[in-house]
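Take this structure, written in structure tokens, and hold onto it; I'll ask about it next.
Lettered A, B, C and D in written order, each chain numbered from 1.
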Amino acid sequence: MIVVIKPHAPEAQIAEVIAEVEKLGYTAHPISGERHTVVAAIGDETTHHTLESLNALPQVERVLPVQKRYKLASRESRPESTVVYADGAPVGGSGFAIMAGPCSVESEEGLLATACAVKAAGATFLRGGAFKPRTSPYEFQGLGKEGLRLLRIAKQETGLKIVTELLSEHDTDAVAETADIIQIGARNAQNFRLLVAAARTGKPILLKRGLSQRIEEWLLGAEYILSSGNPNVILCERGIRTFETYTRNTLDLAAVAAVKRESHLPVIVDPSQGCGRADLVPTLCAGAVAVGADGLIIEVHPNPAEALSDGQQQVDFALFDKLMKGLQPFLSATGRTTV
Amino acid sequence: MIVVIKPHAPEAQIAEVIAEVEKLGYTAHPISGERHTVVAAIGDETTHHTLESLNALPQVERVLPVQKRYKLASRESRPESTVVYADGAPVGGSGFAIMAGPCSVESEEGLLATACAVKAAGATFLRGGAFKPRTSPYEFQGLGKEGLRLLRIAKQETGLKIVTELLSEHDTDAVAETADIIQIGARNAQNFRLLVAAARTGKPILLKRGLSQRIEEWLLGAEYILSSGNPNVILCERGIRTFETYTRNTLDLAAVAAVKRESHLPVIVDPSQGCGRADLVPTLCAGAVAVGADGLIIEVHPNPAEALSDGQQQVDFALFDKLMKGLQPFLSATGRTTV
Amino acid sequence: MIVVIKPHAPEAQIAEVIAEVEKLGYTAHPISGERHTVVAAIGDETTHHTLESLNALPQVERVLPVQKRYKLASRESRPESTVVYADGAPVGGSGFAIMAGPCSVESEEGLLATACAVKAAGATFLRGGAFKPRTSPYEFQGLGKEGLRLLRIAKQETGLKIVTELLSEHDTDAVAETADIIQIGARNAQNFRLLVAAARTGKPILLKRGLSQRIEEWLLGAEYILSSGNPNVILCERGIRTFETYTRNTLDLAAVAAVKRESHLPVIVDPSQGCGRADLVPTLCAGAVAVGADGLIIEVHPNPAEALSDGQQQVDFALFDKLMKGLQPFLSATGRTTV
Amino acid sequence: MIVVIKPHAPEAQIAEVIAEVEKLGYTAHPISGERHTVVAAIGDETTHHTLESLNALPQVERVLPVQKRYKLASRESRPESTVVYADGAPVGGSGFAIMAGPCSVESEEGLLATACAVKAAGATFLRGGAFKPRTSPYEFQGLGKEGLRLLRIAKQETGLKIVTELLSEHDTDAVAETADIIQIGARNAQNFRLLVAAARTGKPILLKRGLSQRIEEWLLGAEYILSSGNPNVILCERGIRTFETYTRNTLDLAAVAAVKRESHLPVIVDPSQGCGRADLVPTLCAGAVAVGADGLIIEVHPNPAEALSDGQQQVDFALFDKLMKGLQPFLSATGRTTV
């Protein structure tokens, strides 16, 4: 870390900073410039006490971290890209993973119809929420364990792998029994205890980016899972919260490119949450392919206008089929094929 | 709700919207303007299916909700301001509650010294994290149950009421045993299952605003607690995430005034998280008093430069004492006194 | 507009709202629901006094606009997509426009070398700032009129059309003389007097989105130009300001899709400003093509490490050439070719 | 500046960075840590070429600036707080300046009534827009020069000093003739040519913070004025753009405290723009006093419901009078009195 001392600080105050830096286990290298003295502190920032607390000293102007805070998630630690296998189906690598299905599991009939439709159009994974995190307690909260049962039926019928969200540590075992990929939603992106509980099941974890999570923080969320001994993390960009109100969130496609550069983990995109409008979903799917995403997770519903949650952002079967066909030229452009 | 139809939509498409509105249980009132037809849908929006799913129809331009989505938290449902009592100590009403203590509980000695110092300066509540939600898994995660034990000792020694954070559903009983107020942190503000678990203990809940939570969403978080049968909710503004980097967060003092208007619940302010800089904390405390907050929760540490977490935003004993003295004229200006 | 009255407002207060609505020239249609009365106000919102001022009345809870505020920029007013011609070169339509060149014009030699390089790689337009809006007065402010002279030389030498920024009303004539497209930068996106001055030259205007401009506001900026009698507006998405710090801005590629839906105007993307990092520029160019942009404006410099402005986001000649080659499969996927 | 080299970079690449740093005029001090080499570059960052362009080199991970970029605006350059005098009336120092008046100048009668009302309640300055920057070209654009004439009449009648906005370089002389303080609005906060034009009149400049302007950028805007030879700058916090929609903007009261710390310039607060809701204005005024603002600029209108602009945020005469009375205890708490 670099500790920047305020201009005109007397020698004794600089010495105090140096002493504190060394007390906290670093080697201190003071450098005097024209206006500022800076103290370069040599030592591994991830195992030592952070020096940011030195901001508490009146003579310290700023403390600048030098190292990245994530290790296991970084590409430096693992240059080759990771492929995560979910019940044999790959996410990452040369393939392109399509996950699709309803926002919420609502009924056996609707789920099976959707599963068949998305499979026919090219999906390998069925998504569907049994436990739903809803902004209001008066909104539909999901079918719970009954929803999990319906997902298992759908898997049996279609062979699609199951992606479903874990909301509560108490449901970890039940969800892990059904899910081929356990989803951690944006609202729980920094619910670290849930991340660790999910990690310990050994199942692949789809980790959505938090609503206002910086890329570094998102990778540190992944680091919680990785450092719990589970290497199977799939990152999912799903839009961040900004001032824009035309779309529900602002899909940060540059973050996909950034994370592919910083990390070896596969990254997929959720265009449905990402914009909150079915009419923009197909275009954003093409954009996701072009920026190098490893897959898509798309909300599909037999009749969006009557969906029990987020109808405005779900596409119907016909649009999904058209979307999938429209994606092929972009997949070809990247040299990828759906898995 | 108001459903706005796109200009030039044919009659049949308007009829389809009306039919859908009525199918979902509302009474439909179409009104034709110069360019637009709007359909006013009469019915309780909190108990009916939302009409936002109608955005899925191509002829629908927008759906505008009319009602507020929270009920129990609203001032309409309860015009008088709520006072929450935590082991007999009030938050809300004519008093002003001071909660202070270290970011993390680090040691018995440090905690007791801090407890005595903040009590002497006028605090009624001792804050201190036993379970810490840290952005990185490599950072100090708190002492856990040992931290709770130290908090109980501090309560015994000083009589201060205890405010401490609940991170995991699994720790609910342990935290509830120690805490006079259970804190739900910003990162768990939409961890609804944790909210409900905390609510069920019957203890007062201090609900921090999420990093990017709109006021409506924050009150809906409170609604989860209230609708679980626990009326003892204290809201806490702790800064929101914006583009500004000078401060760690942007303390939204207008939100205090807004929430006092919209809701009967007491609202306190966390200036330490709110700005992330000890040097601004005293000024923001005065601001919080002036905008009508019901209390403050302030991070205090014997030696911030060596704190195990967030040293840069913790004030030492001398500054806390000065801060408390400086607050008195502002409290007098609002006709309040510390409790 | 829809005026939502607070619950339990007495009849006289509702009558007051109705009277005010009619006084301001609208026809008022009150509708009483279970909890709320709403007053639908029929009348053209773009020519009448806004009713948002009615929020000043204590019985009014909210005022909801129904109409879109832009007219000439809307696709409703002109369903077919507009093609803007700049000295004969099209932007919009089936072609794809490549604008490239240095952030700032720095020297004749550097500019000509860059012009030749970008032309060889496929660009049709040369970008380059003669007048530079810099955050600090101590940074390089551009060569001014000498920069314009060099741009004219570059045009003579290469035939590339010129895109350059107008910063000041006083320079309008000088810039218009040189520019085939006048750029209005993000910081001046709501400098309406500059927009009108630029519009009046009759030259095509490239209107960058403001740093925190909502899509509606951006289109209203275009409306200033269009309503001044200049139909030649090219919109440019260049990233918005968010909490993320990994990238300089957050490139909002969904906004490209949104604006193509809402408006008939061509939209191009500036990936250089959009992310502020040369290493992400090629990937974002592919993303821009995929979401339907009509062109790109890319910063290219002979030696970015020594550039007088924004070196970190400029690509060198080799990378630009590679980028252009890499773009072809995505252009093919959209059925477009560079113009 | 500190140049952070990527881990494992070979010596030759480090040498290249050092050579580039020295070529750009700095003295390079390389320091090798456990994982990273950093190169500390000694030299005045405000007069040398920025090293941020070195991010263009593949072996460079990050470049960290050390110095603050503003000089004349900084408290280091001038430790005592500046008092700006506008036609003899002070802003800054021990007094507290009240500026009040309509959003737009609409009519002689309304303006004079407002001027008398705000003067009676304690204002020293009359605000009122003659030139209005409106988001839409179809909204009221102000009375222009006729508005300036009415402001001069109001000054003659009441003795109030005049604050009015400059929108265009072409109006600089006309506005300077009337204004005792020239206001630069948020949308023009980075219209640097307008800043310089306003500065050159020698009149005090009220510089509003841009909608998404970081504190550093705001002070650099002031630096444009100061470095043009005009020392009379008043900063005005008026709310920043965030994701929150309950209020029009998020009033950043912590920024007032921050700027008072970083700069010697007086800072006032605009609560009307800051929240966009008249009902919150009085509370935010108290908050502004408490955080150390040097004054307030408040929108007051005889009949807000019929105002030609921003009626929802203007207070009427009765509320303004009550607001002013309610402010006194807070002013006393800070030891200030209205000037």
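Quick notes
Note that in this section a residue touches a chain if its C-beta (ideal position, glycine included) is under 8 Å from a C-beta of that chain, and two chains touch if they have at least 3 such contacts.
No experiment lies behind these values; they were computed from the predicted model shown.
Annotation: A-C is the more contact-rich of the chain pairs B-C and A-C, by number of C-beta pairs in contact.
Taking the mean Cα position of each chain as its centre, C sits at the greatest distance from chain B.
Remark: chain C and chain D have CA centroids separated by 25 Å (rounded to whole angstrom). Separating the centre of chain A from that of chain C, both taken as means of CA atoms, is a distance of 30 Å. A separation of 38 Å divides the Cα centre of chain B from that of chain C.
Touching of two or more other chains is recorded for residues 212, 241-243, 245 of chain B.
Taken together, the chain B residues at the contact with chain A in this complex read 20, 23-24, 46-47, 49-50, 52-57, 63, 69-70, 133-139, 167-170, 187-188, 190-194, 210-212, 217, 220, 223-224, 227, 241, 277-278, 304-308, 310-312, 314, 316.
On the chain B side of its complex with chain D, the touching residues are 212, 214-216, 240, 242-247, 250-255, 257-258, 261, 274-275, 279-280, 283-284, 286-287, 289-292, 329-330, 332-334.
Chain A meets chain D in the complex at residues 2, 4, 7-8, 29, 31, 33-36, 38, 40, 42-44, 64, 66-67, 76, 212, 241-243, 245.
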